Amino acid sequence: MAGNSFGTIFKLTTFGESHGEAIGGIIDGCPAGLSLDLEAIQAEMQRRKPGQSSIVTQRKEEDEVQLLSGIFEGKTTGTPIGFVIQNTNQKSRDYSHIKDTYRPSHADFTYDKKYGIRDYRGGGRSSARETACRVVAGAIAKQLLKNVTITAYVSAVGELQLTKPYSELDFSQIEKNPVRTADVDMAVQMEEYIKQIRKEGDTIGGTISCVIENMPVGLGEPVFGKLHAEMGKAMLSINAVKGFEYGSGFTGTRLKGSQHNDIFNEDGSTQTNFSGGVQGGISNGEDFYFNVAFKPVATIMQNQQTINSDGESVEMSGKGRHDPCVVPRAVPIVEAMAALVLADFWLLNKLSKI
Amino acid sequence: MAGNSFGTIFKLTTFGESHGEAIGGIIDGCPAGLSLDLEAIQAEMQRRKPGQSSIVTQRKEEDEVQLLSGIFEGKTTGTPIGFVIQNTNQKSRDYSHIKDTYRPSHADFTYDKKYGIRDYRGGGRSSARETACRVVAGAIAKQLLKNVTITAYVSAVGELQLTKPYSELDFSQIEKNPVRTADVDMAVQMEEYIKQIRKEGDTIGGTISCVIENMPVGLGEPVFGKLHAEMGKAMLSINAVKGFEYGSGFTGTRLKGSQHNDIFNEDGSTQTNFSGGVQGGISNGEDFYFNVAFKPVATIMQNQQTINSDGESVEMSGKGRHDPCVVPRAVPIVEAMAALVLADFWLLNKLSKI
Amino acid sequence: MAGNSFGTIFKLTTFGESHGEAIGGIIDGCPAGLSLDLEAIQAEMQRRKPGQSSIVTQRKEEDEVQLLSGIFEGKTTGTPIGFVIQNTNQKSRDYSHIKDTYRPSHADFTYDKKYGIRDYRGGGRSSARETACRVVAGAIAKQLLKNVTITAYVSAVGELQLTKPYSELDFSQIEKNPVRTADVDMAVQMEEYIKQIRKEGDTIGGTISCVIENMPVGLGEPVFGKLHAEMGKAMLSINAVKGFEYGSGFTGTRLKGSQHNDIFNEDGSTQTNFSGGVQGGISNGEDFYFNVAFKPVATIMQNQQTINSDGESVEMSGKGRHDPCVVPRAVPIVEAMAALVLADFWLLNKLSKI
Amino acid sequence: MAGNSFGTIFKLTTFGESHGEAIGGIIDGCPAGLSLDLEAIQAEMQRRKPGQSSIVTQRKEEDEVQLLSGIFEGKTTGTPIGFVIQNTNQKSRDYSHIKDTYRPSHADFTYDKKYGIRDYRGGGRSSARETACRVVAGAIAKQLLKNVTITAYVSAVGELQLTKPYSELDFSQIEKNPVRTADVDMAVQMEEYIKQIRKEGDTIGGTISCVIENMPVGLGEPVFGKLHAEMGKAMLSINAVKGFEYGSGFTGTRLKGSQHNDIFNEDGSTQTNFSGGVQGGISNGEDFYFNVAFKPVATIMQNQQTINSDGESVEMSGKGRHDPCVVPRAVPIVEAMAALVLADFWLLNKLSKI
């Protein structure tokens, strides 16, 4: 209701500010009997955490997740899985410089207007730190969906875009380069570019593409609960996301029906897949693929003019250790949210017929 | 749950197949005391209905909405508003040609797989006919939001795109041309192009842009309930939609933070609006604007190879009277869904602080 | 949210005032493939409708339900089932005598204070007429639960109470007497008593008991979603209900644990059933039985002192044709709500383990 | 959905097993700007915790709540309030004696059947330990409802019942006696009786009554969301509860309408209050009062015959330190759940009219 829950059956509710005591969440509705690989959960946390490479923020956050309930002798019990991640590294910082200042294109102004009060330390609830909780839940959802393959990768950093269709990319490269892109040459270029941006004290946007293979048929609900609508919401709820398109996306708007229609093979598969694996909001078994647009991070290491809460003009200088480009670290977040959407629809679809 | 409801406080639930007895819905959570302009509701229905101009489908559907409850002496009473729209024109048609055939890029195949049964007459539940119910509810939501201005218009038909920023367009033109675009010259070109496409028995995609002015500050909820995430879901739930972007959107991914950040004026407004009126998922009072991508309609007036439910290859020929381009008629639907999202968040925001 | 929906998966949303155009509802989440016996639905409507016998109101309401969607060739399609029941008999009545008057122990005062406006004709939304929609949905839920037997009966009218345990009653008698009780002798006494009450222009309360046999094991969810908690809510939501108890109920509060504990047989059944078929909120397969308390109907055929909306004291005389005792007609409503609760939990329970 | 959340706007979701690492919860939807009295929260925890007196269980549980988020400089921020209560005292216990044994009238059997796995240590999720989380959230809800007075007290222990109407009781006595009853003489008798029951190794049921004074008018929603229906669900969701009645309750079923109707005074108050402060599911401003029935605790200190998970008959002996009568410690839980219901409806009611 108030925005901190996601999903209907497999449902995640999260809490926590970036500089409070801890962040955490509750996963309700995970079926009993799932053998959990706890290391796999922590491994996803490692993919998201700061300080993994020279092109992401050098903040230290251990991001160790403590699972507090809902698991017994290695298996889920059907009861809610509560978890907590301590905020270990951020307590003593000085935030007086942003206490009364609205950082441009951050949520300081809007939270203040909406709530009349805000935890100004490091962005509080609006910080991307909360995405750590999404990764925990997504890692469990992935284990529930064990036959489904969810692969996200960076498909653009600024103007540097992968132009090949995903079927011609080498997904095995993704975790081998710090940018998490699926093309060796482009990985080098993108890395160089991000380093240059960082030197400028600036940031740069990018896109992440995600491909879901071995999709079950029948996921998604009619009308308002379409698979891609919920997936779009999931992606748009990630910090810094500005757009979502699936299948032919915005490019498809320039095609004719005779070009765009996916002709069936006799086995029910299709010869093309402009539909992106979804027809009428329900999966047809083909790959479900989509693109997610991320704006450049708003925190830059340059002086900016802004205002304070009294409406006075002030200058603020960039401080702290921030990501020059958010997309490499957002890859596991995109996968996590994709897994949450699919797990929920997969369960819901078990009830579609008697 | 099963996908036929939208909203949390101001909540629409709909029912109905394109060729059943009737379609309809229930709006729950509309506050009491709202004086309803019933003609304004019907006027929105007229904007959506088929047969309005030479470039849309020539089907006749009167689409008269009967409001059955929740209104007394011209005002809402706080109880649910039930409504029904009879399906007057479609009963006697012959659908045997699609009974066992899966039309390419339609939902026939996926509904059949998901439910094991489907109402094959004219698309059934997956038909865009259900959007008439959205328009009813949206028209009421608009009246609730009386100071907010929601304007949608066609911004592209195939390759023909409006390139000017919306502030340079003339919104007063939109309802004066059958394409519902906001540029007089482009309206003529688009209309010509759609006519040509129809002659070819083909269809073409397009985009709709929507601008919301006089936005209240504070709409949207943290984390998963971000204003633009719910708006994205709303748009992606409309038939044929393939993508959604707001503010700088996909273009913004190529910008640097120093270019993209919206610098505040002393009154809290911003000098630029790459944010699209939303920061941290919450409205900041600037215009909230977004683009919606529509694929070309799947029903074409050409022969296509496809399969039947036995997995046999069959040829099907296009029949009936369909839209060569869906975007002109989708304009009021985009506005309706936008109104539903805003009404819901506007109510919810009344509870954000004590 | 605003109170007009019930259920999570198998979900009913209703609309309608007693004297508006029509009442109706939408059932979302009914699985596809259920062969519907439409006559059985209408038969349940007949059990609820006024004018069935000399001890209930003599109002004429045909209560014919029109099913508008979600059913194709006799089977549910998985899409929402919309339905409407016209209000045929009530249009021309004169309600000026209650327009500004708050009837004692009715909802006139509270609706007026809550909403600032109310449809005063015959109780509007607060009228028990809305229970007709519950009966429609319950009749479909019953068909989904085909192996479960739900039997409700009148167990008390005023001081006249059935004292035998339900296992000693003859359920085959219930529909054979106008009171719908399960004891032939008591049926005669209760009928006589109700007739006498009616002659006095008065009304009388009573209780309904409900027994659910062939209960599946495992229905109900932990903590807040306990089977009996949701059943209690379902029953308490019926007009005029003042209390709910299941299993040993209020009587069980006077027992010791050593008396009250249900000792297991080796097959998992229990020797006694003080638990009422529910342990820890989850069904154990034993009979689930409960009692529901109904107050006397507030509309009496006697003069009463009351106030109008200006806070002035006025006298009102009873008018119209009302039930002297509500329990005979409430029997199918209790069953319907029980069926809704069970159908919902039965579906939900399919997701409890992998 | 899966049962671990309560409320719609002011929403509590909980997690945790009695013998896991910790229990806890998330309160979403608490408005920003509420100054929280943290000591008052802990004081409610003290009222619920074991070991307070000689008539309750002598287990030691410190039940210190850690509030992890959503509070800044002493005020709520509108973001979710996450909290954790460590399970400090229970780690090393030996539960092998109940590992494969189904305790009579406990949830062991039903959880096992539903989930195929259960955390058998001390009841796991079905233990009343989870009610500590309800008390935390209820204590915050109470602070939100600062002008409303919620008073619960023990009204019966076994056959020992308070017979006076609540208006004649002395509420100031409640916290002065270990039974938490509102009558000095009865307090002594009840205490003696509970001690005797404990000596017998047995347990006894009882009832709690709750009176809510200074009720706002207009709380509750139509049809399914009636105030007393949600309150009934709230109470029935508490461990060991078997029944709920409000206002005249089951007694009211024996009255005539002419006796039961509450006649209005000119100021809108009523001369009697058989309605229990609720008409048509919506509060009328009079006291809202109700009774809650608790069965005797199932864990007794006597040998009982039962079965194990292989369906073999086994004997089990009572072990551990359990409450001989649950009602004294359940008083703050009843109040907490009442506060949750009221806070939620109080917020929701702000949206009832424009």
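Order of writing sets the labels: A, B, C and D. Residues in every chain begin at 1.
Keep in mind that, in the parts below, a residue touches a chain if its C-beta (ideal position, glycine included) is under 8 Å from a C-beta of that chain, and two chains touch if they have at least 3 such contacts.
A quick note: this is a predicted structure, and the numbers were derived from the prediction, not measured.
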Chains in contact with chain C and also with chain D, listed by label, are A, B
Field rot_deg for pair chain B/chain C, CA superposition, rounded to the nearest 5 degrees, holds 180
Taking each chain's centre as the mean of its CA atoms, chain B sits from chain C at a distance in Å of 39
Taking each chain's mean CA coordinate, chain A and chain C are separated, in whole Å, by 46
Between the Cα centroids of chain A and chain B the separation in whole angstrom comes to 26
By the touch definition above, chain C meets two or more other chains at residues 1-5, 8-9, 14, 29, 32-33, 78-79, 114-117, 125, 222, 352-353
Per the touch rule, the chain A residues reaching chain B in their complex are 1-6, 8, 14, 102, 104-107, 109-111, 113-117, 125-126, 130, 156, 158-159, 197, 200, 202-207, 217-218, 220-226, 228-230, 232-234, 236-237, 242-250, 252-268, 270, 274-276, 278-284, 291, 293-300, 302, 304-307, 311-313, 348-349, 352-353
The residues of chain B that touch chain C in their complex are 1-5, 8-9, 11, 13-17, 20-26, 28-29, 32-33, 66, 68-70, 72-73, 75, 77-82, 84, 114-119, 124-125
Interface with chain A, chain C side, in the complex: residues 9, 29, 31-34, 78-79, 144, 222, 347, 350-354
